[in-house]
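The same chain A turns up in both complexes below, where it pairs with chain B and then with chain C.
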Partner chain A sequence: MGDKIFTKQGWVESLRGLAGDYMVFVPVKEGDMYAFRHLDNDTKVAFDDYHNTRMSPKSIVYPQSERMFEYSLDKQDPDCNILKEVPKTFAPQAIVGIRPCDAHAFQISKRNFDTPEYRDPWWVQRYEATTLIGLGCNSPRSTCFCTAMGGGPFDEEGLDVLMFDMGETYLVRALTDKGEAFLGKLNGGRSADKTDREAALRLSDHVRDGMPDVVPVDPIRNKEIKDIFDASFWDDVAFACLNCGTCTFLCPACWCFDVQDEVYGREGDRIRNWDSCMFPLFTLHGSGHNPRAKKFQRVRQRFMHKFKYYVDKFDDGFQCTGCGRCVQFCPVNIDIRDVLRLMSDEPPVRLSA
Partner chain B sequence: MIELTEKIRDIAKKLLKDGTVDVFIGYKKGSVPMMNEPVLIRNPDEADLLYWDSNCGLNLCNYLTGRTDRIGILATGCNSRSIVTHIIENQIRRDQLYIVGIPCTGMIDHRAVNRAVGHREITDITESDITFTVTGKGFQETFNKADYLQGNCKVCRHRNPVEYDEMIGEPVEEQKGIEPYSDVKNIEKMSCDDKNAFFRRLIDKCIRCYACRNACPLCYCPTCFVDESRPQWVGKSIDPTDTMTFHLLRAFHCAGRCTDCGACERVCPMGISMRQFTRKLNRDAEELFSWQAGLSLTERPPLDTYRSDDYNDFIK
Partner chain C sequence: MENPYLPYPVCIDNIVTETDDRSLKTFRLVFINPEDRDNFVYAPGQFAELSVPGKGEIPIGIASSPTEEGFVSFTVNRVGLVSTFLHNMKEGDIIGIRGPLGNSYPWDRMEGKNVVIIGGGFAFTTLRSSIVFMIDPKNRSRFNNIRVVYGARNPGMLLYRDELMAWEKRDDIEMHITVDGTDDPDWKYNVGFVPSVTEEKITSADNAIAIVCGPPIMIKFTQPVLEKLGFSPENIILSLEMRMKCGIGMCGRCNIGDKYVCKDGPVFSQAEMKRLPPEY
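Entry: the complex of A and B
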């Protein structure tokens, strides 16, 4: 299928027509922030004004809290103490308007949840049921650094469809079979011609060329783990850190979780919850020993994991997409770009005082 | 602001040079607008990193807990009150501290400013005495600072530090005619069901990141009750009952100790009006015990003392 052109209003109407085929998620404004929500007849879709959602759409595939199993503790129950998988549905869903950085993040998380040795059944099934319809970024923010992380404002990696915002219309391009299938179910639109395609190319080239290339990453790859691990700057980086979970919970590429049993009377659930390497409990051993008992150790872990351990293990990019959420919303302004510069032996850059 | 910044730098340099302190805690300019970062200065050469403007809303007292060295620390009214609270709760010794008091005219509510420019990206902010100007791609707007103060600063009655070794500049005039608890009164007027709904709505965005707790200088327990795993008191999912348990118990732990510095509210990544959990307790402390936290190094807080001749009504 070739590229198609939809008017902006026509696009949303066509999406509404998919109700029987897909659960469609779109960005909507809620108070001071944006979130992905189900598209229904009253939804005010925020494609035009949103930069990105406060929470990444990772929770659509990987909820913050998820019941995995349930069990009975009733001795009279023949199934007492037997874990049973909680029934789940994996109906087709589509995240429409996802930014390329967040789609890129699913490819990163896939390395954790879908490996030759282990396949996380719920992540994989939900991911496979999800079609990612990306919206290229016409106006990246100053905190965006996707190009330094191997992505880009119109990057196609991980997307099934890419939308170009052409002002009055969207140029919509299928990138995978899944994307073709999605567009095949949509009514309306017209075929894009050569002029449309050239305009889309000009737009994406123009935006990409304007992206700051401020974060050096190659030097980290070539350094010894120990040299970065033992560097003297970690104390300074960590000083202001609150050890809260803002960076990890807002991060589209952080995947760590904790498993908990919750019992109510004679029934129990086994739940998994997002966890954060910033929390002391994350590494607390049953013995009481904590290998990352100090704040700077936990702060170091986050950056080392994303930019050194991950790189050394997979030799393919970073565990960061440059979405800039942690830069914008770290309550104490620990700027991951500054930390990258320190890890690369470059002086950090601050706005002039 | 530049003037005050220069003074802070000079004082920090002097204190570090003459050995009065081992370290100095202040703020440095943030890498994004309206987000200054707490910083630890170890030697005089680094003192030029220090910075001061109306975006220094984190409570520096939070960085004192457990320190054993001699510390110079910048302190506004509410920060100094938290430091006093820290001292009387034996979290730091007075003689470890050299408190550099700074009169405060309030901190800018970054959310309100972002709202005022329609959430267009602000890339720079500059400040004069009573106004500030934000700049972004294709726009520049100037606002009166008084209209964009953080909620706690709007009702602040202690802009000047209450405890200090040295003061930067002249004390500022305290705000007159403040009605400090009108928000609490409005909630008190609600029916039980409406109150319940109000607080449920407050936390429905909570992601349990604990930024509020961790930004609070009062929250220094070695292990918070929500982090206890043997036994585990609170569930860790985002079940509303567990989330509410966290917020209510945290707030009650702050009763009679909170200085309404607003750090909890400022840091919340989901924009929750965190102060609503502690405001009623502050008001009760004031009405029942004539107590505002952190004003005195010699008086014990109401909840850790008992007086048989207590003149307040509740005991009669």
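Entry: the complex of A and C
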């Protein structure tokens, strides 16, 4: 299928026509911020005015809290204390308007949840049921640095469809079979011609040219773990940190979780919840010993994981997409780009305008 | 899709209180479904998650040996929510186990070698598994001499006392039991910390691999002793502990550098540990 052109209004109407086939998520404005919400008949879609959502769309594949198992604690019940999987369906869903950085984050998380030895059944099945319809970024924010992390404002990695905002219209391009299937169900639109495609290319090239240069992985990969771990700058980096966990909570590529049992009368659930390396409880042993008892150790862990341990483990870029949420929302203005520069001894990441 | 978080249901078949202070109990568990028992194939050094419905899961080293068929056993120290609840459970109660998890001691590399086992306190569990495995008639000829240094705070804190006495009497395993201190005038074994007893009793590192499992302080002070005795970093094998949840390398908390203790470990050579940060 070739590229298609939709009027902006026609695109949203076509999406509404998918109700029977997909659960469609779109960005909407809530207060001063944006969030991905289910598209229904009166949803006011914010494709035109949003830079990105405050919370990343990771929760659509990986909910903040998820019931894993349920069980009876009633001794009269023959199945007392036997865990049963919570029944779930993984119906087709689509995230329309996801930014390329957030799609890139699913590729990063996939390495954690879909491994040769073990597959996380909930993450994998929900991810496989999800179609990602990206919206290229015409005007990245000052906190955006996707290009530095190997992505880009119109990067296709991890997307099934890419939309170009051409002003009055969207040029829509299928990138995968999943994307073809999604577009095949849409009504309306016309085929894009050469002029449309050239205009889209000019747009994406122009935006990319204003973005920071890629940060090379080699200077960090070639260092020993301990050389960065023992560097003198960690106290300074951590000085203002509150360990509030906002950065890890908003990060589309942070995947750590906790598992807890909750009991209601004679029934219980095993639940998993997002967790954060910013919290001392994350690593506290039963004995009382804590390998990361100090704040600076936890701050160091976050950056070492993203920029060194991940690099050493997977040898494919950083565990960061440059979405800039942690920079934008950190209450004490810790800037991950500054820390990356310290770790790599590279010149500062050039900020976009 | 197979669910790696789903525990096998097991029945608590037998509970033994190991120590005088009753803080350590050994739970013998029997699988409810025979196919689960057949799937649970393990090697000494591996661990499992014990799953107590309503409370949670704890990662515990497997104390039984694969040569002991029909059950798996775990020695649990009472420290937190799950272990305290488990200590109050009864024979016949149902819990779950998830595993086996992690790597094991390097059994391929240990074939034909002299094996030195060094353990302290309640970390002796997977070492007990290893000893039972090695002295089994089917396996004993695969290993050269076996030397064991095992220490506890006092005689009442030694695990598996009946077995220790039985091993003492054998001539195919050299036992060096020690306690930090005792007021028992009839104590006929060693008094002293594990590192110094190791230095005194293990006189040769020839063709030998040392397996070390114990509290962090013991691990710390035993390593230089082994180095002095001539063990190379590749031949010093450490088994580590960490707070864990998933046990399969996904939840993110048990890392030391780029390694997860649950999946890449819990067994590491000292050579591997030297390139990792001392964050454990």
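Details
Rule of thumb we're sticking to: the second predicted complex is superposed on the first by the 340 of 353 C-alpha atoms of A that agree within 3 Å, B and C clash if a C-alpha of one lies under 4 Å from a C-alpha of the other, contacts with A are read in each partner's own complex, and residues count from 1 in each chain.
Simple rule for what comes next: a residue touches a chain if its C-beta (ideal position, glycine included) is under 8 Å from a C-beta of that chain, and two chains touch if they have at least 3 such contacts.
Computed from a predicted structure; not experimentally measured.
Judged by the touch definition given at the top, the superposed model places A:Gln260 against both chain B and chain C. Touch criterion not met for A:Lys44: it reaches neither chain B nor chain C.
Touch criterion met: A:Pro331 reaches chain B, while chain C stays clear of it. Once the two complexes are laid over each other on the shared chain, residue contacts for A:Lys194 go to neither chain B nor chain C. Legend: residue contacts after superposition of the two complexes on their common chain; A:Tyr118 is shown touching chain C, with no touch to chain B. In the superposition on chain A, A:Tyr309 contacts chain C only, with no contact to chain B.
Contacts of A:Glu224 after superposition on the shared chain: chain C is touched, whereas chain B is not. When the two structures are aligned on the shared chain, A:Thr283 is found in touch with chain C, with no touch to chain B. Contacts of chain A with chain B, set against its contacts with chain C after fitting on chain A, overlap at residues 258, 260, 284. Those residues of chain B that touch chain A in the shared complex are 5, 28-33, 35-40, 48-49, 51, 58, 62-63, 111, 114-115, 119, 121, 123-124, 137, 207-211, 213-215, 223, 227, 229, 235-239, 266-271. Chain contact summary for the complex, chain C toward chain A: residues 1-7, 9, 51, 53-58, 77, 79-80, 83, 93-96, 216, 241-243, 245-246, 248-258, 263, 275-277, 279-280.
Note for the complex: chain A touches chain B at residues 31-33, 49, 51, 54-55, 64-65, 139, 141-143, 236, 239-240, 242-246, 249-250, 258, 260, 262, 271, 273, 276, 279-281, 284, 327-335, 337-338, 349-351, 353. Touching chain C in their complex are the following residues of chain A: 68-69, 71, 73, 80-83, 85, 112-113, 115, 117-121, 124-125, 224-226, 229-230, 255-261, 263, 268, 270, 275, 277, 282-287, 289, 291-292, 297, 301, 304-305, 308-310, 312-313.
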